[in-house]
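Worksheet for the structure shown next.
Order as written gives the chain letters A, B and C; numbering starts at 1 within each chain.
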Amino acid sequence: MGKLAFVTPANSEPMLQLLAPDGTYGVPKGYERYGAAIDELDEDKLKTFYRDMARIRRFDLEAIALQRQGQLGLWVPAIGQEGAQIGSGYGVGHNDHIFPSYREHGVAITHGVELMSILKMMRGVNHGGWNPEETRYHLYAIVLGSQVLHAVGYAMGVKLDGKVGNGDLSDDLAVISYMGDGATAEGDVSESLLFAAVNEAPIVFFVQNNQWAISSSVETQTKVPLYKRGQGFGVPGMRVDGNDVLANYAATKIHMDEAREGAGPFLIEALTYRIGAHTTSDDPTKYRDEAEVEYWRQRDPIDRFEIFLRRQGIGDDFFEEVKEAGDALAKDIREQTFALPKPPLEHIFNNVYSDEHPEIERQKAWLRAYEDQMGEHE
Amino acid sequence: MSSYQDMAIARAINAGLRKAMQRDEKVLVFGEDVARLGGVFRVTEGLLDEFGEKRVFNSPIAESGIVGTAIGLAMRGYRSVAEIQFDGFVFPAFNQITSQLAKLTYRSEGFQQMPVVIRIPFGGGIGAVEHHSESPEAYFAHTAGLRVVSPSNPNDAYWMIQQAIESPDPVIFFEPKRRYWQKGPVNLDTAPLPLHSARMLREGTDVTLIAYGPMVSTALQAAEIGAEEGVSIEVIDLRSISPIDYPTLLASVAKTGRAVIASEAPTNVSVASEVAARIAEHSFYHLQAPVVRVGGFDTPYPPAKLEEEYLPDADRILEAVDRVLAY
Amino acid sequence: MSIAKFPLPDVGEGLTEAEIVSWKVAPGDKVSVNQTICEIETAKSVVELPCPFEGEVTELLAAEGDTVEVGSPIIAVNVAGNAPILTEPDAPAKEPADTGAEYKLPTLVGYGDSGEAKSRRKRAVNTAPISTAIPVAMVRAASASDSVLAKPPIRKLAKELGVNLANVTGTGVHGEITREDVVGAASQASVFKNLTTPDVPSEREERIPVKGVRKAIATAMVKSAFTAPHVSIFVDVDATRTMEYVKRLRNSVDFAGIKVTPLLIMAKAIIWAVRRNRMVNSTWTDQEIIVHNFVNLGLAAATPRGLIVPNIKDADSMSLLELAQAIEQLAATAREGKTTPEDMSNGTITITNIGVFGVDTGTPILNPGEVSIVALGSIRKKPWVVDDEIVVRQVTTIGATFDHRVVDGDVASRFVQDVASVIEEPALLLD
């Protein structure tokens, strides 16, 4: 394990972990305020965490199958990262804006984004046509790191609007910007940290360090633990156990609250692991150890949370119900996916510009006329 | 009765920015050195004093960051006028401009408008060092989702900056830096034309000469000299590089039967090449001669001492005019 | 119950084939949705495939070790009757579930190599290519007085032929001036084109003395018309192949710079037809009929002073190229007014080209000393019947007049038919 020295929880980097892999709960010394955030949660909320983690995993598995059956061009699995995504997703406030990269499907469901919206992208129906303003969950960004600058710009705008530090939870807002360990290498991310710091923008940078960027391990992307990345720019940070849904929730809630109150930018590194492949086009057996994957399977976020919940007295009925709900969701997703129609050809030309544009009109009319007179291949 | 005021292009853009900022408090101006200094060409002079540091501020020297945050601000409802200090420095922002700014409205299926103006001083002829005399407009004209314009005179500069700011789409606003101090009358009351219209500046019968930005003055000069030699040249200022006002161009070529396109940019795969291809396609039966492009050579912009030989001037334009008249 | 087939999907963004590594199920096995049914190896990796259906396996359509193309079915499953039918909405309507019919899983199949089309798409509607024109001001500005519409090669041709395009009316699809227009303007026909309608003259009449060329023409015409019994016959023929042949000749390097028109083909056709019907190429004297074994081909030429008929001596021994040159030379000489009496004598058969005047056909009068004259009329697009369908072809009428003292009806008909068959199929000249 020497190679992974600074990325395993067993080493000496300070890390927030409330829920150990064996399901025991405990608040480490110095992290009391995070424990306090958990104390505020009732049983229903805890059940919601579990339900959503199980739901997003079931959805993920179904999406992989659909891709293998030729129904999706591509799928981007988030298996193993449910703790980081559901936990942080629920730590985000109901006014806050979320800038994902392209793997945060778990965060999406915590804010009511329809799963089919994500699948439409993967089926080639659109590039992600959900309404970012309404859902406050912005579109997926495939150019790594590009969206982090947008998030910072958005946060700068929030500050200009005066919606920071008024203590008004119904009006004030902060921004959370998600990215992976690989993206932190992009220049745009460095520029984002810079702009956020000098402008004291209300933003939390949430780095899901799943330790692999396709086939490059995290050592390729950084020399220091990623929670320290912002230091040179003036952005403080912390590391949390990415597979501990409670730690992710607490850290995100506390720091989003602080950003909303005007504390400026913050960076959270969630140390987790990409159990699955980068996408369905990838074959991880070509570049990583099965032993390593097995190590992290033992630290699964859903398993440990089930143990925890059972210790709270939550029984088989609940877990059965969740499993059945998952299967029903999978079936529904499958049917909806098969029913997705090909968009009309005019769609090629829609929304290239907000204002009318002569070239667009001309080319659209031409293609329509051309297609109208063409039949099948002979 | 319209009121006119004589001013240089740089002053005209300044006045236009001022008007736009007075009209809409969501308009922001930022970039490197635009605040207290007023910009290295003084185009944003006085705006900090009038509108305050929340709306007029300096950015870190990070062009990608300047454009990327402008995008985020647009998502939040602001209308950014971001300055890239010099044409040669736009490339760090190229990714944000082409993969993000140009595509977000399309990607979001119309949910997110991108009312961002990127102001870029461009072109050569000022004896500058490397990277300060580029003509990169073709890269942006080639990118769907962007609008690209370039005023050639103070009146257009005054009005087009305001129209660009009002557009819900991203506009790359190329300012001909060698003409910044050229003066002309500005009609303070009425806009001359829509943002994307071309304009015939001088009527003629023998050849249609098309130019934009810094080359328009040169084109008019060539037409003047040509007239003395008995050649009647019609000069058209494109004004808008994307979209291009083809009806105006084609009507002129239908009349003259000959077209020459002049610009500073290297000719290979240039805006001029696109215009030439379209004219050849749509004016085929009207053409008495092939369409000829006059431009920079396909080399990096040369050191200042060789700039005069590199840039098209009236003689190089008239040489092309002679060529098309020989047919 | 119906048989569902699972086509091999593209599991890696653009893969074209995969190898079946191992099957996890066999015919007769019950399978459920997402159950792993096989392992495949692609260019990128080894992948497990989940079953899209629930039912019973009827057949494995590929064996372990087989390389299968993306899109080929790999397994057939008998799907339970109540299973939801999963189709893309625009797929063709399927048979009802209990006919035992097959249905294919609608699949986003990868493109791979086979994605390239092997044929063109059929044009459902037979229309012209869609205009990419930018309508608006361009059309507005192009008024006839402002500009002349012509393609660059036509402008060049006009220059070479000394034709002022401003005086030519364009007959092209877009109103542009075509090659024919320019050539027509350069030919003798232009001499007689009514370009303007003159004013009404102020005098009530004009008296022109009968003398010179006019008197000679009149004498010859009368002699011919009132001594020889004239019979005219007409044949309509599909001249499309001749027009194509003319076009090819024009483009050929050998004929560069030489005027090639349907008249040239007509001349050749007549020469060929004469060989087969010798009587038409003869002269009547009261004592004997002189059948000529050579062809001095007369071409009626309109000049400002009247109609003359110079002839090409021994046209039958000329190659196509030589004949073309001879025709061009004859026309030029006539236009310049330099035709000699020698040129105009001893003709054996004549062609009159009334087509250049836009006339369909006519009853030409025999050139004195000859027994046949052929009229080449205009060649126009007309409806024609080909393989029981009405199509547009370029049609012309061949009219010919004969001296019935020498040429009987059957010979006349055969001759005209021979000429017509060449016009219809110029390849007959290869005889």
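Note that in this section a contact is a pair of C-beta atoms (placed from the backbone, for glycine too) under 8 Å apart; a residue touches a chain by one contact, two chains touch by 3 or more.
The shown structure was predicted, so the numbers you read here are calculated from the model rather than taken from an experiment.
Judged by contacting C-beta pairs, the busier of the interfaces B-C and A-C is A-C. Overall, the chain located most centrally, as judged by its C-alpha mean against the mean of all protein C-alpha atoms, is B.
Put simply, the C-alpha centre of subunit A and that of subunit B have 41 angstrom between them.
One finds 49 Å separating the Cα centroids of subunit B and subunit C.
Rounded to a whole number, the gap between the C-alpha centres of subunit A and subunit C is 65 angstrom. Across the assembly, subunit B contributes no residue in contact with two or more other chains.
Each of the following residues of subunit C touches two or more other chains: 132, 134. The part of subunit A that touches subunit B in the complex is made up of residues 126-133, 138-139, 143, 146, 148-158, 160-161, 187-188, 191-192, 194-195, 198, 350-355, 357-359.
If you check the complex, the residues on subunit A that touch subunit C are 61-62, 65, 67-74, 123-124, 280-283, 285-286, 334-335, 338-342, 362, 366, 369-370, 372-378. Residues 132-134, 136-138, 140-142, 146-147, 149-152, 155, 174, 176 of subunit C touch subunit B in their complex. Residue ranges of subunit B in contact with subunit A, taken from their complex: 28, 54, 59-60, 62, 64-65, 67-78, 92, 95-96, 99-100, 103-114, 144-145, 147, 167-169, 196, 243.
Those residues of subunit B that touch subunit C in the shared complex are 246-248, 250-252, 254-255, 257, 281-288, 290.
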